[in-house]
């Protein structure tokens, strides 16, 4: 490890929506040995705002133009999901290290194509934004498992519930865009986590769901709240609940049951350490969304990305993790749509 | 309601195992307007101990002989599961009010036969020991749902986990007895609760499981830990996890997710209100078993049974609840054994 | 121990207010080997209701008349605090075993007189209603301490907070009655607990308080919320917070800090095991009052009283506990009224 | 507010101990619009390490020499407590903005002298490191109070407990250094918080304490665990528990009781969101120390300091907060040493 040369990695970021802007601020101010050199968005006002507020020297509305900036070392992709695959391929081809937000892609074929591109560029760092693995609580649970604290993990239960108050804006979005549906869009983090904690791939899945409060979701072939039961290799089990209608906020909870103990992460998705006691009882407010809950993880995953580049090594999250999670997410989607058990065919 | 005549209900109890003995003590000392007049067990020493410690005047080793004691008003059945159906039918035929521990039966046909017997004796009170409905927390959750606190319930998740330290004695038992398997033996309470909270019957089920710590369970066609996903009417959902291998104690947890909120019961199955803070961190000890966790519910269900007799009315838990839960438990068992989706055929 | 003779202890109870009525129901229905034979109250309708509902054969409006009923073995005193001392003395003089609700008395001199009376009747069981010691959580904490779980206890912190919604009725009561004030009336249980857990007596006390929401309490020389710091023998410490204005319900919390760990009891005074998650966040309702929180302890202390009579032994709570707690409560009251440090003079 | 000129504030830091080094890393990598230009320590190896790891251009072993570096805008003081006052005065005199770690000073007179110096330099930003006010939970509680969530605050209870495992190194330190004692050294943050939340100054204090596990602390006129009860203006109350012997880790807990509700911060000082369930029960590990618990607050207070400089305004924490807290801490220390009530004389 040679961290002492103080070489700064120069990053160009594409996508300045809500999460993209947060990444831009992190890259500009919170990541050691990193400089946010360029930003790109189709919305020029977003580009101007980032240049002004964050002191970024270069701004683009054309992604390919940014790729021609030879001051850059790495490309950071935070654009809408439908663009990820193509932008990853272009950036790799142009010789850059690449960080891409999840999901790898919305279709299995394009995910596989990205995997091949990554393999073709073995000297470039590629990292996928499965940031939960870098959350301190999730990372700590992994350490505990590896230290044998719960014996052999046999069942993982994941809740991925988005706040109900975000539903109206999602409905607006979903009417004109393809989100991938509840399981590919939302459960993808949980599918990755289950694979990570169980150390096993999925074999068979059954997924069900319904739209009791917002029946219009059914016309989009989506569900408001869904559940999937997954049989993993070695008779291990996965339970996944996803919803866009969580009244109390953003609820990300994960449990790993082992042969000799269990771990729970985020049982109560508290906003902070404050409890209010009033005539309703004892009230804990909950996290409002992913930027609040995973603020630290969004920073730490990028610190790791920059370190990998500087130390010439690869991150733990691989392109294969993105591919396998996408394949499993698709199986959930297919099971939900057909009502049948679906076998998961991994392509290794 | 005429409670003032102070008529005492005279009860004869069969079965003096661990739970039966607890019921006997409750009937003797903690149930108003009730007298434990007779006890019956094939083990004479249990009969003698109950007579001596609890001041019970009559003791039997022959159930049919007890049924001829005409001082009795009601029969309380706490014998092994395989005897329930026959003993219920005999007691009803002899004109008694009947309380039976769960399950109604281990086979669907016998459960249906009991249902017919109950219907043939409309003036006798019949009650099944789904005591969780009488636990204060479970009853309170039901009230909250009925008051609209969470909107329409759409998903119920139930954990029914027995303490790992009870596994050796279970293995001993299971080698020579038919327990019904994880889903019929253990999940039966949860299947009833899900039906109760959702107000819907099951349609389709998929159940999986494994025996990672005690592989000998596989030879018994049983599982150490299992999970079932159930599609209920109206696209409602049920998730059930059952295990005989819970390291931290007896863990009964239930969650009801509604369109406008959620309720959780027993998230952390604490033994009491004491937290110990020492060099391990903050430690909450857990309940050791069902007699500790549901002590109050075991008393309150019997208070309700005695009240129903005195007030000439029927309890909320009906024989049909026993039948439908047994049918659903069987479907889980069948799915677990075949690996296939199983349709649930209700017989109403 | 000879419990097998099934001798039933015949009890006469005086005082049928809210707590007295609860004790009457417990004595009638929930205490093994006990019969509630007589009740007494100055309010004839309370006597009639208890006879009717609980099947009590004898009713009195004159306490001394009840003491002449020679079917009785024990007298249970649940009358207003001002009557305890005299009624205890009379019952002891008449040869009865005696259980008295707390406090022993409202004045030190009468408490000392009762102590002498108890000493003069060494063959009669006397027990004071410090029921918290019989609560399962409090008893468990004591066991943990005795097992060395926290090393040597050095600081006890006690919260005794009454629900704000009971304030109006208290104000009504306090205008025409002498309650003893916040520290003698409410903190008395906590003062006993601190002595019990620390195994030490108080030396010096400073107590302060205020009435910010209900200033009329100041005219009664009382406080809405008060705090006392007590130096115990051996440089041990006690912190006591008492209030009649707790917005979230009945909050009884106790912490024992030791040299090697700490114990907390009732950190969050939950009503039950239900958590409601809605747009406010995660809400735990709290216990509404002492009858709800200490339901089990009120039963178990009387089970112990009856057992002591049957087994011819003395309870752990002694008359000296009542005397010392009263002396300490008085010191708190005096410090609060004078603003000065007050030395506690124990009379052993 | 003019944040857009992207002027970077150039900072020189003195003190590279454990906390100083953390501040240095924050200043180097996590504070927008800030450059760590110089570091100073009497230990040359600390200076060299910081220059190398953090890319700091200037290093000093002589504080006064650093003050002559005219590239600097601000001085950041993280040296041992005994140096704070003099170094603040020197830095102010040299024309710099100044951030100083707590405490302001170990003696009242020097604190007052610093206050005068700050007043003499009204155009320079001075900020004291009461970082808890910048912790998200503490800041949120303050917002809730200001929004009226608990009515009028009337009692604050603060626990400031250091982990027992840090005791040996403290004992080593204390034998040759003057720490200020338990109340001035450790409770100072809590004294500030109580003043902040109550909006009132202290009037009278009584403090007690003992050293049960490490009696050698008594020879240092210090205590292992201490408690203070403080009467604030308007009959408000403060309870403070400080200890260097907390078995379960670093326990910072604060409660504010108001006339209409209460707030609790950090009831259970969890390390993260992970619960481990094993044969001991449910275990939550606790934070190991202040750097872990207040990581975010240590960053956010400095972000505010830099913003104040850039926006030409003053921080909410004033030098007077430092002076008043020191006066109150001294009163606690004096009461602990004399055993008497001590009146607090504020100098405004």
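Letters are used for the chains, namely A, B, C and D, taken in the order the chains are written, and counting of residues starts over at 1 for each.
Throughout what follows, contacts are C-beta pairs under 8 Å (C-beta built on N, C-alpha and C of every residue); 3 or more make two chains touch, one makes a residue touch a chain.
Please read all numbers here as calculations on a predicted model, not as lab measurements.
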Subunit C and subunit B - chains in contact with each: A, D
Chain at maximum distance from subunit C, centres defined as averaged CA atoms: A
Chain centre separation in whole Å, for subunit D relative to subunit B (CA means): 56
Whole-Å gap between the CA centroids of subunit C and subunit D: 42
Whole-Å separation of chain centres (CA-atom averages), subunit A against subunit D: 37
Multi-chain contact sites of subunit D, meaning residues that touch two or more partners: 150, 164, 247-248, 260-262, 267-268, 271, 275, 277-279
Touching residues on subunit D, where the partner in the complex is subunit B: 164, 247-249, 251, 268, 270-271, 275, 277-286
Residues of subunit A touching subunit D in the complex: 3-4, 6, 28-32, 52-53, 55, 136-137, 140-141, 144, 149-150, 260-267, 271-279
Residues on subunit C engaged by subunit D in the complex (per definition of touch): 150-152, 154-155, 157, 164, 204, 206, 208-213, 225, 227-229, 231, 234-237, 239, 241, 243, 245-248, 257, 259-262, 267-268, 339-341
